[in-house]
Amino acid sequence: MSSNSAAPWSRPSGRVASALRSVSLQRGFTRYAEGSVLVTFGQTQVICTASVEEKVPGFMKGKGRGWVTAEYGMLPRATHTRGDREAARGKQSGRTQEIQRLIGRSLRAVFDLEKLGERSIHVDCDVIQADGGTRCASITGAFVAVQDAVNGLLARGLITESPIRDAVAAVSVGMYEGQPVLDLDYPEDSSCDTDMNVVMTGAGNFVEVQGTAEGVPFSRADMNELLALAEQGIAELVRLQREALAQPLPEQTA
Amino acid sequence: MSSNSAAPWSRPSGRVASALRSVSLQRGFTRYAEGSVLVTFGQTQVICTASVEEKVPGFMKGKGRGWVTAEYGMLPRATHTRGDREAARGKQSGRTQEIQRLIGRSLRAVFDLEKLGERSIHVDCDVIQADGGTRCASITGAFVAVQDAVNGLLARGLITESPIRDAVAAVSVGMYEGQPVLDLDYPEDSSCDTDMNVVMTGAGNFVEVQGTAEGVPFSRADMNELLALAEQGIAELVRLQREALAQPLPEQTA
Amino acid sequence: MSSNSAAPWSRPSGRVASALRSVSLQRGFTRYAEGSVLVTFGQTQVICTASVEEKVPGFMKGKGRGWVTAEYGMLPRATHTRGDREAARGKQSGRTQEIQRLIGRSLRAVFDLEKLGERSIHVDCDVIQADGGTRCASITGAFVAVQDAVNGLLARGLITESPIRDAVAAVSVGMYEGQPVLDLDYPEDSSCDTDMNVVMTGAGNFVEVQGTAEGVPFSRADMNELLALAEQGIAELVRLQREALAQPLPEQTA
Amino acid sequence: MSSNSAAPWSRPSGRVASALRSVSLQRGFTRYAEGSVLVTFGQTQVICTASVEEKVPGFMKGKGRGWVTAEYGMLPRATHTRGDREAARGKQSGRTQEIQRLIGRSLRAVFDLEKLGERSIHVDCDVIQADGGTRCASITGAFVAVQDAVNGLLARGLITESPIRDAVAAVSVGMYEGQPVLDLDYPEDSSCDTDMNVVMTGAGNFVEVQGTAEGVPFSRADMNELLALAEQGIAELVRLQREALAQPLPEQTA
Amino acid sequence: MSSNSAAPWSRPSGRVASALRSVSLQRGFTRYAEGSVLVTFGQTQVICTASVEEKVPGFMKGKGRGWVTAEYGMLPRATHTRGDREAARGKQSGRTQEIQRLIGRSLRAVFDLEKLGERSIHVDCDVIQADGGTRCASITGAFVAVQDAVNGLLARGLITESPIRDAVAAVSVGMYEGQPVLDLDYPEDSSCDTDMNVVMTGAGNFVEVQGTAEGVPFSRADMNELLALAEQGIAELVRLQREALAQPLPEQTA
Amino acid sequence: MSSNSAAPWSRPSGRVASALRSVSLQRGFTRYAEGSVLVTFGQTQVICTASVEEKVPGFMKGKGRGWVTAEYGMLPRATHTRGDREAARGKQSGRTQEIQRLIGRSLRAVFDLEKLGERSIHVDCDVIQADGGTRCASITGAFVAVQDAVNGLLARGLITESPIRDAVAAVSVGMYEGQPVLDLDYPEDSSCDTDMNVVMTGAGNFVEVQGTAEGVPFSRADMNELLALAEQGIAELVRLQREALAQPLPEQTA
């Protein structure tokens, strides 16, 4: 790790290098989905819903196992300047597909699909405000939505044992002006050299590591520091997920 | 108008025939758009943003006039059962296109596009919860978002006179079990015979009338009653728009 | 209603305000469809065919009821300047989808789908020359084509009772230079303030009302005048449908 | 050439082997296109329009030469059973593309594109009734429509010399039950072994030859007989084109 | 045939008019397909694979017959300047569709689909280097790949009799500077007046003839000379196919 | 790292854990591209071409900098069972887009785009045989193709200084039956718990790390071992790239 000695190094947000943004997980955000969470990482806001369907995709039929999959989207004006609406353009971008595949894989990594039975949980993560870290917020919020959906299946006696083996959460880390930092917001993300998204379980094991040097390639030593920051951040996020899930689900009034 | 004399007639929601649902218009709902409103008509919730772009579409170039257009979408799990994501299916449904064309026309009906100058206001209406009346809520909320965007242009001196000639709002009316009712929710909408969406100006003139008999065709007398209900409902919605716009725009804290 | 007192008001075509264009309904226009009608409203010409298929779409299967649906198209050079071919562009425009949905709903409004049995009538309306009013001509002609297709089913003993409850026809009305007029042609349509398409049954009830103020919003008094004109025009169209259907179907020689 | 000696050989239509179907070329069929022809080959009916545009496609710009191109379509119920509408399916079939490319090449073969100047002629061939031979009827009718469009350019002084070097027409030939026949209708086409579409100029030279053995491959001797029949048929079609063009263009009454 | 007397006529490649380019057929080129051939016609190189699937397309089901079909593609930089990747553009060009339909028809012309049983052979022809004649090389190579796939079915006892009735091969001929030539390479193809692709069987009968005059239409005498050249070229190609198939299939080492 | 003590652990290929497959880099594989390499990692074979275009995409215009981008494809029968052709399906899969974005980013990481000048290098990686590791082979081969293209620009004097700052190569590592292994082939890849693709520079720094636990999440200790293996493997691949580039480019004979 190099340091920027002339001017005192600081993050645009004023956070210390190892600080998450303010995180909230609001359960029962919309009323029809089996699980529905508004997750915020600072100004980033994502609606995560988990929908249970009593069927599986064609390639899974008759295997006695369930399926968990995810789709991701962003409202056109979630960002500083308006982006195209993917439905109007007629296709999802490569970036969108990459993210929704990542969310799906991350959730499946903590699922015992046999215990889910031959049904699907379809997760939708829709970004209503984007300030960096949307895929990490999506995974972190989606886990809570999926847990609520599974709790519903247990409560209704459709399954007798939870298919969820562990929590899963995600955070970004990166090299900002030569120093490793946790949970990049948009101003950091757009000027950092290296950006890494890390997905880990409650037990502290890795599910996904996706690091990209957009500027200067990074050394093995940098990598070790980044992974340590990620481990710390995810431990904090998993604690917040547990706290949120420990509350009673808010009642919905007509 | 026939009446259902055996059992006392009542609406599923218990509302009287001429009652709107509870309506709210929350300005400044997201932070990047020039206008951003969360509109609710009962359980129906729509995020309406107005984005200003300093250019016009190709077919409008060089005419010295502006353009106002709209796109509409629905989160896959805004509804009771999950619907397809249009971006994933690769095209917008006929229903989506019909609605977004209606929103755009309705807003343009109260705009003097020459006073807007050669710039565009792009409205996005994204339904996060759907309980009937999403197109009417979208138009009603979008007007407030567009007014905020225009106020911003005036405040920054980019235009000196407002291009907005009048307010515009929309409401549905229909024949529910033989009686005309105002502002149908989903249980009413899915079982009613006739559904009419009415868009009117603050001055009480018609911009759009779209009535469809899904069951029994309706008489001229029914139509007169429905239009009277709509006039009353829209007067109330325009009053709520004015109240919302009379408040100071909430400050956004980082 | 305002009037244009300086110059004497007149329609581009010289018609009086309440006059339809010359209308013709030529049955048996093409030889393979179960019903085939060339409808003309002045220079507007539409080929309407009704095709019977002994199956229903997936969402209707096993319900013992039939289905009536419609598609609409326009030859690229039906218009004054050549338009894109939708098949080549790879999608139907929003306008096309709106119109074909309207035609399908209008026909279904006079159908008892249970009496049709589990089969479909697929209507195609293809405009070969467009001079305004193509959707109204399509509905008016399609009804005759559908009646011929139903007559064929009855003649072949596939059904014993007609599923058609009433006639249906459509006409446009609008405010042209401040005065309500019936059956707008293209020069009127492109310069009028308000354009309303009205679909009514033979019994004089409303199936669809779609009014749009493209310029100045219209008052309730204007609306009443427009609806009265539409009622008169549709009564005339229904009479012409009956006359056409009273003729023997022309024989086709090989 | 083999012969079918047991039962006397005959064509389904009763025509002799070298007979064309009844052919008509109705000019001025629709009123807006610069050239508009309804061509019929027996029951096959195609509307051919030629639209002049004062620009060329991007790849032709600035070369001082014009362009001639074609699109082809078929109304869904032109055929015995209803086919999909290509605009609704969202793409043109391989067959459609093959045919429209053929029509375009055939017309360009008789054009001096430099004499046309930097403008385009866009031909549309839309089949309203299909009984075999639609691509040949299209080429034959399109030539007449294009000639009318060119005559209009000459009449208006936009060009001073005709860019058309020769007539072009097309006919199908094939082996039907072992014997070469001219101008196959649908019953012959669907059961023949070999089908060949031949496009020739007024001077009797070949522009395109597309022969396909759908059953038994054909010999060089068969080929010689087929080409001789085609030469005779095209000479007759070119004569009919000349006769049609020798008539005054019908006046269009409003 | 005219001759170019001033300067001595010669082909860009120096070949005599009736000479094929150097042709090779390398069997077992890739290891997973049931048949896999790299075919070269001079600098033109195409990978042809034949894949056996134990099912038929929907429209063929339950008829006890098999199906043979083909797809064609070109690597973006197979050509002198890079072309678009069709998968990225989202559709196959009209040219690609025309060619793959031709390859499929040509192969089916020598197949007895009943003897194949209810299974498919899916041929893929992918051009890795293009110097003219890619569709002819594809057909010629695909036949060898398909024969290897059929030999595998026979060896595994899945069929007891070969469904292949005869060999099939293809070659181009054309008028180059007024003289008929065999097997055009790219420099000849891009400047010739007439280009004809001829597909014939081992027995010397025609399967497909596709001739196009891109410049001057061609006479019947030209046509006769071109067909004679094609017959000679195809006899040579069929001999090379037989020689290649007479070799043992190369063993593949892990 | 756990070990599998009952049966002796071995890889399906018999390779030791730290062994690459046999790697070859054949330059000048096709003749038209500015750089063209056939890269093989064991049975995996990819054609990598680098095409130079004297323009940049729209979003890069006028910045005085160049662009490097990549597209990826797979022949339908590169795999054990035939996959869909993406051009025929009409879109690239999410996996394809993910891979081609990765290849492009990896190459740009070693490029000084200002030294390239306002031109593009378009890389195409087309898999003709797939046995695992296609994205890593693509990156490793593409670097050599791009170097050849740059050498050509230098030789022709279009640039005076190489824009390439360092070599770049890629390799996969993973946990196979509890042990970290280098360069997974298809049998290992389809049964391993963790798969990580690592892209590094010649100097030994990281460009991309993409690790996914498809089964059991992996520990930090596993990760350290995997990264060490990757470092060793990439050092070997960079050495092979240098050796290949040290040879003279093979001459191409017509």
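Worth a mention:
A, B, C, D, E and F are the chain letters, set down in written order, and residue numbers restart from 1 in every chain.
One rule holds in what follows: a residue touches a chain if its C-beta (ideal position, glycine included) is under 8 Å from a C-beta of that chain, and two chains touch if they have at least 3 such contacts.
Chain identities (UniProt): A, B, C, D, E, F = Ribonuclease PH.
Fair warning: this is a prediction, and the values are worked out from it, not measured in the lab.
Counted as hops between touching chains, the shortest connection from chain C to chain F is 3.
Put simply, the C-alpha centre of chain B and that of chain C have 28 angstrom between them. If you average the CA atoms of chain A and of chain E, the two centres end up 52 Å from each other. Residue positions 90-91 of chain F are each in touch with at least two other chains. Taken in ring order from chain B, whose neighbour in the chosen direction is chain C, the chains follow as B, C, D, E, F, A. Interface residues of chain F facing chain A in the complex, by the touch rule stated above, are 91, 94-95, 97-98, 100-101, 105, 109, 196, 200-201, 203-214, 216-220, 223, 227, 231.
Interface residues of chain C facing chain D in the complex, by the touch rule stated above, are 13, 30-33, 36, 43, 45, 47, 49, 51, 53, 71, 73, 75-82, 85-88, 90-92, 96, 122, 124, 126, 128-129, 254.
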